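As written, the chains take the letters A, B, C and D, and residue 1 is the first residue of each chain.
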Amino acid sequence: MKIAFNTWAYSSFPVWVPAYPLDYVVPTLAGIGYDGIELGAASPHAYPDFTSAQRRREIRQLFEHNNIALVSMLPAPGGGPGFNVASPIPEERAGAIEQYKKVVTLCAELGGKIVIYVAGWQVFGTTREQAWGWSRAALEDVARSAETNGITICIEPTSADSNLVDSADDALKLQSEVSAPNIKLMFDTYHTIYRNEVATDYVHRFGKDLVHIHLADSNRLPPGEGTGSFPTLIGTLKKTGFEGYLTMEIGFNRRDVDPDAFAKRAYDYIKDLL
Amino acid sequence: MKIAFNTWAYSSFPVWVPAYPLDYVVPTLAGIGYDGIELGAASPHAYPDFTSAQRRREIRQLFEHNNIALVSMLPAPGGGPGFNVASPIPEERAGAIEQYKKVVTLCAELGGKIVIYVAGWQVFGTTREQAWGWSRAALEDVARSAETNGITICIEPTSADSNLVDSADDALKLQSEVSAPNIKLMFDTYHTIYRNEVATDYVHRFGKDLVHIHLADSNRLPPGEGTGSFPTLIGTLKKTGFEGYLTMEIGFNRRDVDPDAFAKRAYDYIKDLL
Amino acid sequence: MKIAFNTWAYSSFPVWVPAYPLDYVVPTLAGIGYDGIELGAASPHAYPDFTSAQRRREIRQLFEHNNIALVSMLPAPGGGPGFNVASPIPEERAGAIEQYKKVVTLCAELGGKIVIYVAGWQVFGTTREQAWGWSRAALEDVARSAETNGITICIEPTSADSNLVDSADDALKLQSEVSAPNIKLMFDTYHTIYRNEVATDYVHRFGKDLVHIHLADSNRLPPGEGTGSFPTLIGTLKKTGFEGYLTMEIGFNRRDVDPDAFAKRAYDYIKDLL
Amino acid sequence: MKIAFNTWAYSSFPVWVPAYPLDYVVPTLAGIGYDGIELGAASPHAYPDFTSAQRRREIRQLFEHNNIALVSMLPAPGGGPGFNVASPIPEERAGAIEQYKKVVTLCAELGGKIVIYVAGWQVFGTTREQAWGWSRAALEDVARSAETNGITICIEPTSADSNLVDSADDALKLQSEVSAPNIKLMFDTYHTIYRNEVATDYVHRFGKDLVHIHLADSNRLPPGEGTGSFPTLIGTLKKTGFEGYLTMEIGFNRRDVDPDAFAKRAYDYIKDLL
């Protein structure tokens, strides 16, 4: 198992500050010992429309020079554009699909392999059937585009933030309804803690389709500093032979966080369990 | 003094749910008794790129049929695109200015009069002088465009979220450096509480240039439910003859909020003080 | 709208003490002013197997003499027998269906009109499809039996305790899949608070099929003493013309509760809002 | 001294989820290193009425194949049926005695040696003398039936949950009033902590009749994670030569528990003290 760090805590998503350029972030994480980075498609790092061809080359070199892998990318849902694939507004749905495709392309250009799929959420007045149908159609479209780019799409249940794909079952159902070989699954311990679920259940349920994991303790704290229980999860992953990245997605939900400190503490705690 | 309600709590900014369409929001707020609405440029309400000409007509009619004023609009900073006018990334700065202009146009089309200006924030590695210069240049550009649309630009200090225009002095300085008659000032009690400042100071400092106010208690609670002190502020505003809208900008920072309940409690509390 | 009180807090479900006989409970609740009682099928009140024909007559008379209605009954899921209609154990499923039928018969004999349906939960190793299928089959069976007894079955989403019917959508889906005219819907504010949902959403979503409501604040406190927001909910119910019982289901999750005190405070708070 | 784990945390008693079948639970606990298992007579594990002859054979084989002992069983008091041997309702008392006998038979069939006796609780309106008399009579009846099955009955004081046998003295008195050689004693550190008692007192008071122990920290946490003090207790047990099982009865009182994690942490902590 390898360890990665997600860049939200260093970006303007969703809290504006602190914000650091990738030129600072990449060597810092490599210096701590991280094997990989999960890059959020947000300013000031990698919002596709604001990332020129020249800048894309620079970012790719940043990863290479620091000998650290780009593991995955994910869009930044919510905020102004929403990018809700299940929105009742047709323009927003089309914009969200287009954004996913831009992220897929960018990810491929930067050398990444995985793009995370957030299935959207029901707006008041939309039925679950409508929202689900829109989300499924978007996934189908995005997965096709990803396939031509050699990118795997990972469905992530996000119970703490959404109301559509909130459980292991929801993710399995969505995957099964779209027949595309490059749709896989992941989970985030912050969301399993939020739902008072047992994280190892997801390991057993997803089986070989589990290709990515987000680690975070309650309140997006570094693992081991909240109410979560990580030694059992790591033990189970060892037994099942998980080969993906344990990716810290922490510290981005409030301003009073030192991202370097969070990155260091999270790394040390998990490294020790491996 | 009139009372307005900001739509964030009903939108996907920054938390994704709950989210309600404007077709629900506008009559609900009118029904509570609000005189006006502040419309955030976020999904699923009014993100410019996702709001068609037809939908703009519908929204305008929604306001008219419910006999409630569109008071103001504001962009949704942060998130994926950032829209940080002080970003070190030229594409992001250009995109942010363009976004402001789209919001100005949309506001005018919908019958609004004010667009709020968030001056951006310093990313690590940027000096205050650079960031300030970029923000001032953006304001100049936006204000000119607003003038042709009959829109007033209000500078809002946002100390809780940013690190550039965080005080009354910062706002006054920025206003003074750009000579445009349609640049005015506002403040938000949530931010004055965050900085442990006295809200009435802003009333006295801004004088006749104070044309808009955001009301929120600590933690974005309805006024009267946190640590803030509102009777004194309202008393001072009565004396100085403030004629703008007291606009509730509350309940949007966490998921477990019933926006209708917040809107009702905030209205009842402030109405009682007037 | 009428007000009722659920008897768990006076029973041995799930905490063993305090426990009071119905001979104490019924006149006490009538004395406070309650219009109705929701009777849990638990000891020492009304576990069907332990409630003789003679005792059933006495309980019916207790209601009549105290001029208070029996509104509804519900089984006591969990504990030793489980009574999980979605259990992987065939004997437990059969036992759960039988128990529901016994509760339906008892409810009819005592003069009640509603039996609440808890859709069960997935045990590890069971797929959602299996669990859902078993729960639907059980509901079909129970609803048919209820129809001959003139009893309405109300599906209750129970997100805080279960993992199968946890949302308004789940309840709507289950109802739609079983065509029986006597299957209706309800919700519990404790569960909507647990999921950080807006309770009035359920009112709008369920429409005319909403025939029963459980009121409880966070941590099963009396309404108004936790983090919930009840004035908006009551206001919405007034507008939509809800004619069922607002039923307090509170104070049963811990030992250190005085049921009389909880019953009185809950009644006073809600009565005042009506 | 050997170490065992009680199955509540994996069952639907009293909280419904998480729930795992024994086919998962038994190998998992054996894998951690546990010497034995205490099996609660609750769904989905071993509720007697729902456990067929075929299933009983399978469960016995599960224990044998995993080379782990069935140490003890206990009924699931409270919930719907109550199973309160001191209930004022004759049908409930008879049902509780019958349930104990079913658990005794099941325990013997599965190869266990101990059934735990919870003496019931006083319902409002019942005197202590009445409740005590009913409980004593039930114990007499159950102990006779247990003797023919080669089962020892252990009286457990349960001060946190009941109001009848709450102390070492209550247990000694009840034992002395029923002359049956197979009635022995046990205690649970969760209950001694609840009463602010010193656990080693029970070791000294019960002497050779102490044949079983429940370990749990405050709030049913794994030993060492709450306010309890376990090194002293283990030290005393070493001196007195206790030969029974230290049985973890933890993590079953709330949903947000990973039973595997609790089982592992409890085992490691106590093993280290032995």
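In this text, a contact is a pair of C-beta atoms (placed from the backbone, for glycine too) under 8 Å apart; a residue touches a chain by one contact, two chains touch by 3 or more.
If you're wondering where the values come from, they're calculated on a predicted model, not measured in any experiment.
Annotation: the chain B:chain C pair of sequence copies touches via predominantly different residues, less than half of the used numbers being shared. Among the other chains, the CA centroid farthest from that of chain A is the one of D. Distance from the chain B centre to the chain D centre is 61 Å, each centre being the mean of its Cα atoms. Centroids of chain B and chain C (each the mean of its C-alpha atoms) stand 44 Å apart.
Averaging C-alpha coordinates per chain places the centre of chain A 31 Å away from that of chain B.
Residue positions of chain A touching 2 or more other chains, listed in rising order: 122, 124, 163, 197, 201.
In terms of which chains touch, the assembly is arranged in some other way, matching none of the line, ring, star or all-to-all patterns.
If you check each pair of chains against the touch rule, the ones that pass are A-B, A-C, A-D, B-C, C-D. For chain D in complex with chain A, the residues that touch the partner chain are 18, 255-256, 258-261, 264-265.
Residues of chain C that touch chain A in their complex: 122, 124, 127-128, 163, 167, 169, 172-173, 197, 201, 204.
Touching chain B in their complex are the following residues of chain C: 193, 196-201, 227, 229, 231-232, 235-236.
Chain A makes touch with chain B in their complex at residues 12-21, 23-24, 41-44, 47, 49-52, 55, 75-84, 87-89, 91-92, 95, 99, 121-125, 160-163, 255.
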